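The following pair of complexes shares a single chain, subunit A, combined with subunit B in the former and subunit C in the latter.
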Partner chain A sequence: MSNPAPALETLSYAFPGTKPAGPFAPVLAGVVGSGNLEVLLEASAEPVCRFDVQTSARGFGSIWEAVLGDFQRRHDLAGVRVSIHDMGATPAVVGLRLSQAVAQLRTP
Partner chain B sequence: MNALARWDSQRRSREARRARAQSLADGKHVAAARIGALLQAVIEPGDRVCLEGNNQKQADFLARALAALDPAAVHDLHMVQSVLALPEHLDVFENGIAARLDFSFSGPQGARLARLVSSGQIAIGAIHTYLELFARYFVDLTPNVALVCAQAADREGNLYTGGNTEDTPAIVEATAFRSGIVVAQVNEVVQALPRVDIPADWVDYVVPSPTPHVIEPLFTRDPAQISEIQVLMAMMAIKGIYAEYGVQRLNHGIGFDTAAIELLLPTYGESLGLKGRICSHWALNPHPALIPAIEAGWVQSIHSFGSEVGMERYVRARPDVFFTGPDGSMRSNRAFCQAAGHYACDLFIGSTLQIDLAANSSTATLGRIAGFGGAPNMGADARGRRHASAAWLQAGRESRSGLRGAAATPRGQKLVVQMVETFREHMQSAFVERLDAWTLAEQAGMPLPPIMIYGDDVSHILTEEGIANLLLARTDEEREQAVRGVAGYTPVGMARDRRMVENLRDRGVIRRPEDLGIDVRLATRNLLAARSMRDLVQASGGLYAPPARFRNW
Partner chain C sequence: MNGMNAMKPALPSRISYAECSARERLARLLDADTFHEWLPPAQRLTSPHLAQLGVPGAFDDGVAIGCARLAGHEVFVAAQEGAFMGGGVGEVHGAKLVGLFRRALRDRPRAVLLLAESGGVRLHEANAGLIAVSEVMRALLDARAAGIAVIVLIGGANGCFGGMGIVARCADHIVMSDAGRLAMSGPEVIEASHGVEEFDARDRALVWRVTGGRHRYLVGDCDQLVEDDVAAFRDAAIVALDSHRPLTLPALQDEHALLQRRLHDAGDAIDAPVMWQRLGIAQDERAPDLAVHELRALERIGEPAR
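Here is the complex of A and B:
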């Protein structure tokens, strides 16, 4: 094959937050598959909620920023690193996965 | 009184047509090989002709015969039929046999119809709802000739239309009682019919078709294709709307969104203690997706517009639920079921392709003239309704509270819910500033934009982001922000006034899943009462027999 597979797009965002999550075991929601994504929540020492996105759908940076910004506006997290591996999920699916992950994080 | 006036020209025309066809028929029976000669004998240029095109069954043999007639002998027909489903339904125009069209829905033929209209080969009278077209059969669009479709006939010419009776009674009644000619294609001629759906003296000719009529399983949805977002939206519909209003009588539009609701009743609905409190009575085709809810005892009655291929044995085995004849088989009737959906249901929920800022919704897209079938009647407040129900009264109270004068007169309102994911496939936004319908109207010279459901009839918009209760919106500005507030990350949603949307949320005009107490972790496919076609067959105790294309196990 002469054409290499199109590269993944990598996006990173960090939003300040006021509610430290404290130490917690990593939380995983979703699977990497067509139209789907994997969301991994891990504890960090930073006073922010950091998002590292790898996505196969290029060119949707402004929508990612809006989706993740809204998520952080709602939850105001600090000390959390969110890793996302996306295969063309709609914003609806991204939002559902993030909600599921944070609901899991808050379950004692 | 004018002694010279003649009052029976239509009857004499009918007798002349029958005299021309006399040598072709044995009683009422005509051999398939003679169908062309029969149609040429009974149809005159300029006639109004109904070529029975239903949502599901099709008079396909008669359609082929009509399209093959000699346009020198038969031309300028005015076709009056609910659905254009087959290529032959448009071939009659391309071949110069028909010139004018009044119809309701053209689904698969929508793009070709648009081309024929723009090239001047079809003049469209109007695009109707089903009920509206049937109504005009009895006013100014009565067919001179009806070409209908039945399962079987007997020697006398009685017809059995069975589960897929659909439009046939409305068409035949209008035609037969105004001196028209009724020709029926039948799959078989039998000694004794299971029952008589259309009496013989309303039928002029019966033709056995060489192959059984075409029929489409339009309402079957494979549960394997239901997404988690659809599960989430179905949870919101059940908890945020059905339970809130105590909706007992309803109609579901076609699609995976509503199939998900049906499959969540015996699981999520049960867990909320809603059995018996919602969803007891339906105007609905026999959706396979409703089998688990029926089996769990949720459903008291279902009247149907048409049947669904593969559901015959299941329906026959559940006569307490479905409308069946003394012979045991189902009878549908599109006209009565449309009336039931309009007047006797408290809620309609369905999907759409586009919603604008006034909540007008439409499935019309550029380059296609498709019509909306029954959706505009299902999805409209029944202004003539007078009987009360709890759900109807609550919706009416919400929309009228705080109003004065004539607008404050107490009355109920139908719940009309548009259920859409904010983005369709290929990241196409379901929310738009301007419906394609406006451009389509300009291009095709329509007197009105083809809007499916008017915004002032829409009570709720449900997306994955939340529910907008438009009954509670008090100004056009609030309505617009309520629409934007559930439009997600589409350009329409991103352009929201955040402060106003939060204010609407505080007032309960907009409700998010968390506002409804919905645990999003439950929004997985495990919540579906059936996750595959095979599960549906099992739930039916083996009575449901899906068509081959759905047998994937």
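Here is the complex of A and C:
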């Protein structure tokens, strides 16, 4: 019997931030496609920026932590929940989609 | 503004429909800021099947549905995202389309627009996807039978194939661009099942000649041929608001008779221009290369030359 399909990897991070985003309508950037990802930003009551990542590329947790930590160092967000569906995007593409999502957040 | 800029000829501000994502199409095609989405991404109505296969899902399962205004008229609209699994119809994706058509029966919008971009059933979801597509067809035909116009727009890079190709042909009106494709079995499927002699899926010119908007327009499978431009699709969709065709037995019999004649006259044609010759349309040998506006002047099935 063949092996079961490799499971998706789920990663979660929370970084403290000092700039509350306030209430906002959910924002979506990107599409789940090969080498691409979708990023959903939602308002939350927590004093952190929380990231929940679901990815088909397993074993890149330390790189996700570095890319998301870098994003949070630049934006210092609080009260934001970021949900990501990833299909093997490179760190540069992840950074781009996050920036696009934040840009949409700031131009209502 | 300085003098140099003032001298520049105004460039047409054309935005490629094919290059846009599903959500960009909705934002640009409908009246500005009128799209109200049902079951939006934040509701996380995702596929129950994909994660089991190790494939990430999408928050909207690859289709956005909602209501909006088009030239001031209330319309319901769905847009499939071709970049997510080729626009494949899974269980949730299909259920969203079905729900949209059923809600149209209740709320009676002016029309339902389907911005189709799909390879058909999402194979990962097998039977659930097949059942979903058949339910979409039923729901679409119910909406038509109730007098609501169903308009399909096809211009994405993934085309409109498989079950969604059938769904499209169930509609009142189809708008395509030159870049759009519409067919049942996709090129790779035909090559895999009948051999490369029957159909060479790597021959992109051949693929577009026999499935592209140009051919579909000339043989009467699509109603309007437009440039690959979101504004052109919008204008065509507005024209199509009045396109409701009664869903009657005589209309169906007429269509069957037309298809039968087509099969009889050109069933053995090996390429699109050969088929046009046999059918007595687009006799101009430059037809495969004519610009869209020139092609629209040619005689085609169901309509004399203009």
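Heads up, the rule we're going with is that the second predicted complex is superposed on the first by the 106 of 108 C-alpha atoms of A that agree within 3 Å, B and C clash if a C-alpha of one lies under 4 Å from a C-alpha of the other, contacts with A are read in each partner's own complex, and residues count from 1 in each chain.
Going forward, contacts are C-beta pairs under 8 Å (C-beta built on N, C-alpha and C of every residue); 3 or more make two chains touch, one makes a residue touch a chain.
Because the structure is a prediction, the values reported are computed rather than measured.
More residues of subunit A lie in touch with C than with the remaining chain of the pair subunit B and subunit C. By the touch criterion defined above, A:44 reaches neither subunit B nor subunit C. With both structures placed on the common chain, the touch criterion links A:67 to subunit B but leaves subunit C unconnected. Common to the subunit B and subunit C interfaces on subunit A is no residue. The touching residues of subunit A, when paired with subunit C in their complex, are 5-8, 26, 28, 31-33, 36, 38, 40, 42, 54-56, 83, 85-87. Only residues 21, 23, 40-42, 51-60, 81, 83-84 of subunit C touch subunit A when the two sit together in their complex.
Of all the residues in subunit A, the ones that touch subunit B in their complex are 60, 63, 66-67, 90-93, 95-96, 99-100, 103-104. Subunit B makes touch with subunit A in their complex at residues 227-229, 232, 421-423, 427, 463-465, 488-489, 494, 513, 519-521, 523.
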